[in-house]
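Data block below; observations after.
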Amino acid sequence: MYRFGILGTGRIGDMHAGLVDAQADASVTWCFDIDRARAESTAARVGGRATSDVHAVLDADDVDAVLIASSTDTHIELILLSAQAGKPIFCEKPIDVDLAKVEICREKLEDFDVPVQLGFNRRYDPSHREVQQAVASGEIGPLELLVITSRDPSPPPRPILEACGGLFRDTTIHDTDMARFVLGDDEPVEVFAMAENRVDPIFAEFNDVDTAMIVMRSESGALIHINNSRRTSYGYDQRVEAFGAEGMVRSENCRPNEAVRFSSAGTGRKDQLLHFFIERYKAAYEAEIRDFIDCLKSGKAPSVTFEDGRRALILSEAALRSTRENRPVIVNYAPGA
Amino acid sequence: MYRFGILGTGRIGDMHAGLVDAQADASVTWCFDIDRARAESTAARVGGRATSDVHAVLDADDVDAVLIASSTDTHIELILLSAQAGKPIFCEKPIDVDLAKVEICREKLEDFDVPVQLGFNRRYDPSHREVQQAVASGEIGPLELLVITSRDPSPPPRPILEACGGLFRDTTIHDTDMARFVLGDDEPVEVFAMAENRVDPIFAEFNDVDTAMIVMRSESGALIHINNSRRTSYGYDQRVEAFGAEGMVRSENCRPNEAVRFSSAGTGRKDQLLHFFIERYKAAYEAEIRDFIDCLKSGKAPSVTFEDGRRALILSEAALRSTRENRPVIVNYAPGA
Amino acid sequence: MYRFGILGTGRIGDMHAGLVDAQADASVTWCFDIDRARAESTAARVGGRATSDVHAVLDADDVDAVLIASSTDTHIELILLSAQAGKPIFCEKPIDVDLAKVEICREKLEDFDVPVQLGFNRRYDPSHREVQQAVASGEIGPLELLVITSRDPSPPPRPILEACGGLFRDTTIHDTDMARFVLGDDEPVEVFAMAENRVDPIFAEFNDVDTAMIVMRSESGALIHINNSRRTSYGYDQRVEAFGAEGMVRSENCRPNEAVRFSSAGTGRKDQLLHFFIERYKAAYEAEIRDFIDCLKSGKAPSVTFEDGRRALILSEAALRSTRENRPVIVNYAPGA
Amino acid sequence: MYRFGILGTGRIGDMHAGLVDAQADASVTWCFDIDRARAESTAARVGGRATSDVHAVLDADDVDAVLIASSTDTHIELILLSAQAGKPIFCEKPIDVDLAKVEICREKLEDFDVPVQLGFNRRYDPSHREVQQAVASGEIGPLELLVITSRDPSPPPRPILEACGGLFRDTTIHDTDMARFVLGDDEPVEVFAMAENRVDPIFAEFNDVDTAMIVMRSESGALIHINNSRRTSYGYDQRVEAFGAEGMVRSENCRPNEAVRFSSAGTGRKDQLLHFFIERYKAAYEAEIRDFIDCLKSGKAPSVTFEDGRRALILSEAALRSTRENRPVIVNYAPGA
């Protein structure tokens, strides 16, 4: 039985807690949140003790691993505390929105030998994963074009917008990670981005953008395109299209049901796309926790690493810089670059 | 150059005349219609001389073949006159709505050696044909279930309704022929049908039905289903689904364009289906004329024969009798049966 | 907290037990199976005490409801014992394969006032349900044609085949129930069926069939078609198509992912359909248990009743008789008919 | 009757000649080609006199308009000669691959008052046009993202490759024009492109590329993406996706038939996409000639102008320069810029 301490039991932390609890070989023994009532609410649902003192969790004997789902600006502190306490770490994305802090964290983590898995849930989505596997298996031949469509249903509320680090670090980071996932060892090395304010004036207030297009080039010369919007009238639009010398494979969107309508107003009409990440990536959230536990059990290294989190952020930073300097940006993944 | 006399230049005859004219190796030399103005209108468009005297066409030296597209109740007379004149015959479906008359025609035709091709255009539709070929090639293994969906966009006008012989002889006959086309040598031998008046009271006036379901059994034990309606809110619904031991192949509907819409009102919405047979089966009408000319040129027997027209009618009659006697009807194709 | 006794912990019972356990307001307190080891295995997973004595469950104070998932031939006995014990009953379909026994059970149940819900899981499938709701809401106008495609991936193993009562009572019963579900108050009143042995000689051994087509007529004159096969090369094919005066709505199949492939071998290729009922109807199995608990909590009568189970069986019997007597069969739902 | 002189009767000219001939109100009276045998072959098929002297056509009284389909490097000369002769002009794309020559041609054309229509056939494709109309009508709200996928089935033969001016001027020019078509008055003002050699070493030989991604920004801040390949294993991939504040509309690919296959190897498999432009854009080629004749008849200015040809080329040039200088390029449409 792997016993988890959940660090941060807001909406996402509460969801993760439930998924841990649903595993046959895992349970939640501690729920920490700075808002103790929130910790208690999760604990009441999934079991475990509630606390607003993180050390109660980190010092506990009945905690085999922690799951960090607190606000982004506390991730690094909790990662380092957990590492010091020797607890294997599952941490929601992103590591942080400040690349300099991520670098420092990376260096400090070198002193510890604890597994760290990043919560890039989309890597576990059955449809995107099928695309990645078709590329990895050579089924479509050498990858030449990769087109990622990633559009949120609606802007986040103001407090999240304030803290999220902007479109590129908050949302696009999933897509830069997806690109890296599909590309395998063939890292993106050059990034150009154009971005606009089209959706809501609130984004401009935060010096942020809401609509963007990116092109990237990989080391081998594969070309990658990402397009993003913060508002999609028809739901959460998430597609990955990989084109190679011998074929194409793409992941299409998911809907709550497979009913199709025909009338004088048109044919083939289906329901809205699944609304947002909790619904759309339900299977993916389950699978990533499952994979984390399997890694702990087998001693295998996590499949989505701290370095993956760092590199996706480097790409998002490059996209941001590209829009600000209006030029293609060469990517440098070297430590301290 | 194959020179055609068009016998009957109403809507369908005029369309056929245009398709003949568009062939590189065929032309229209005569247009006959009892309404001379109508014959002249077609002749003005596609060339040839106009007449309201059918013998002018049948006796002409510059006529290598006739295309009969007059009203159904004149088909048999024109078939026999054309056969006597030694002209190869392309005749629109059905041969007639009276099976007894078809029997007599069949007997009389034995005295002549002219090719006769029936206008079961759907056999030439690229999508249905692909289904037939997948079955014939063995791709889906032995055929076990065949489901034919065939729904007209709207009821025919009263004068056509009066003369057409009812749903089974007018519309379902396309579907009984399609079943025979896909089944190949494995003839339907038993028919059961249920029918209703749901669309318009006018059908009841003519002792006709507008909504029907049929099941048939083939000699080998394949089961066939046909469903029909005389009114479809979303266009002309035409699908054939063949299911066998090793797979399924089906033909889906055609639309005027491939645009797809996504909005808060739903996703994946496409245009209406192509409205009716002239639009939907345009390629099929072209291909059947092409095939007829190729048969004439090569001396090959026509691929859709008088006997095909007779057997499809026998099946439609069986369906009609089944609804009237509310019992399954055994099919007998024997001459004079 | 609703405390369940699971009666029968084979494959389906074990699945149901897990689903009960996953509800926030329900738990499993007892697991009964004639094979005690099997009961223990389920209890180890979901909690509760294991027993091979059904009375231990029925007499227990900590059992608020029973879930019957034992072999079909024990359903009626367990229903009646549970009713005597005053326990609300969720029973897997079918009630029994012998209509005479069902009649007797129906009569005896009149003495008890316990809710009984039948496990027609497909009624809870999100896609089929969307079809039913489109019909019920009047969205497609009066229902005129209903086409149900229901094809199993592969024949059941011999022991199940022996006990299941044949295609019509085992599989088609889901479809006759689906027809009733979509039709609402407009009951099927006439049934004709054709059936064949095409899949495997084993069916003939049991005087059973493996391939069938049915047409039914409802009281209002809607026409219904069902087609079945016991073997489908491409997965579990489950579709419902409702056609009305103002439109059509249909439920399409489900796949494990939404990846689509394009290559020189063809375009648009997707994965196999979900293999069988446990995968395909996962959401439906969850939803039916949820609904049962909601009924218990609210005192509302179950939405899928004993009478629904009886009537679906009457229709399946009618289909069977139709194939044997090769004639349409008039349906009589009257008690003792 | 509009009488056409066809200038250039290679593959495309011969196709255009046939389409002119098929119009009820147009005919081909002259066929010119520097290869007289080629001119004769077309004339034999569609009528008219054959010549290898272009002046025979331009001086002829029975020529109401010319259709220029000669090799690209002769377009400008034939445009100017035709303008001098006072003949309305339909000219295949591109005007020329040398922007400086196009500028000179533009200036000289100011002296003449003849209609000139450019052969951007894709504007007439029913599916892409539906996308453009959905944008123009406001149906999807203000346009924010436009994604154009445009992939050829296979590289052109060496002689065409030599003369075509490279990927951007030969193929991408269709896509830059499509972007302008959908954008309406909202012109692209900035272009960034990445390109690679991935398909065949022959492209490098000509200092050309075969794989490219472009992003553009319009005046209003709409973002546009184009991706191109010179080789597509599954056919000719042509899609346009327009995303706006209130919805998305996209044009999907066309296939030779609507048959769909299901087997143990996968479900939903359809035929290859239509192979290349002659098949894929058949309806578009017909419609653009129809539109040109309608413009001549009504005196309305052509809907695809010389200026459209010039601007699409300016965008293609900007894309090319962007790849060479690895920076975003600001677009200047001003004459002589």
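Labels A, B, C and D are assigned to the chains in the order they are written; within every chain, residues are numbered from 1.
Operating definition for what follows: contacts are C-beta pairs under 8 Å (C-beta built on N, C-alpha and C of every residue); 3 or more make two chains touch, one makes a residue touch a chain.
Since the structure is predicted, the reported quantities are computational estimates derived from the model, not experimental observations.
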item	value
Maximum centroid distance from subunit D, chain identifier (CA atoms)	C
Whole-Å gap separating subunit A and subunit B, where each centre is the average of the chain's CA atoms	58
Whole-Å gap between the CA centroids of subunit B and subunit D	40
Set of subunit C residues in contact with two or more other chains	233-234, 246-248, 253, 260-264, 271
Contact graph of the chains (line, ring, star, complete, other)	complete
Complex contact set, residues of subunit D against subunit C	233-235, 253, 255, 260-273
Subunit D-touching residues of subunit A, taken from the complex the two chains share	141-142, 144-145, 147, 149, 151, 190, 192, 194-199, 211-215, 217, 221-225, 227, 229, 231-234, 237, 243, 245-248, 326-328
Contacting residues of subunit B [partner subunit D, same complex]	22, 24, 45, 126-127, 129-131, 134, 139-140, 246-254, 256-264, 271
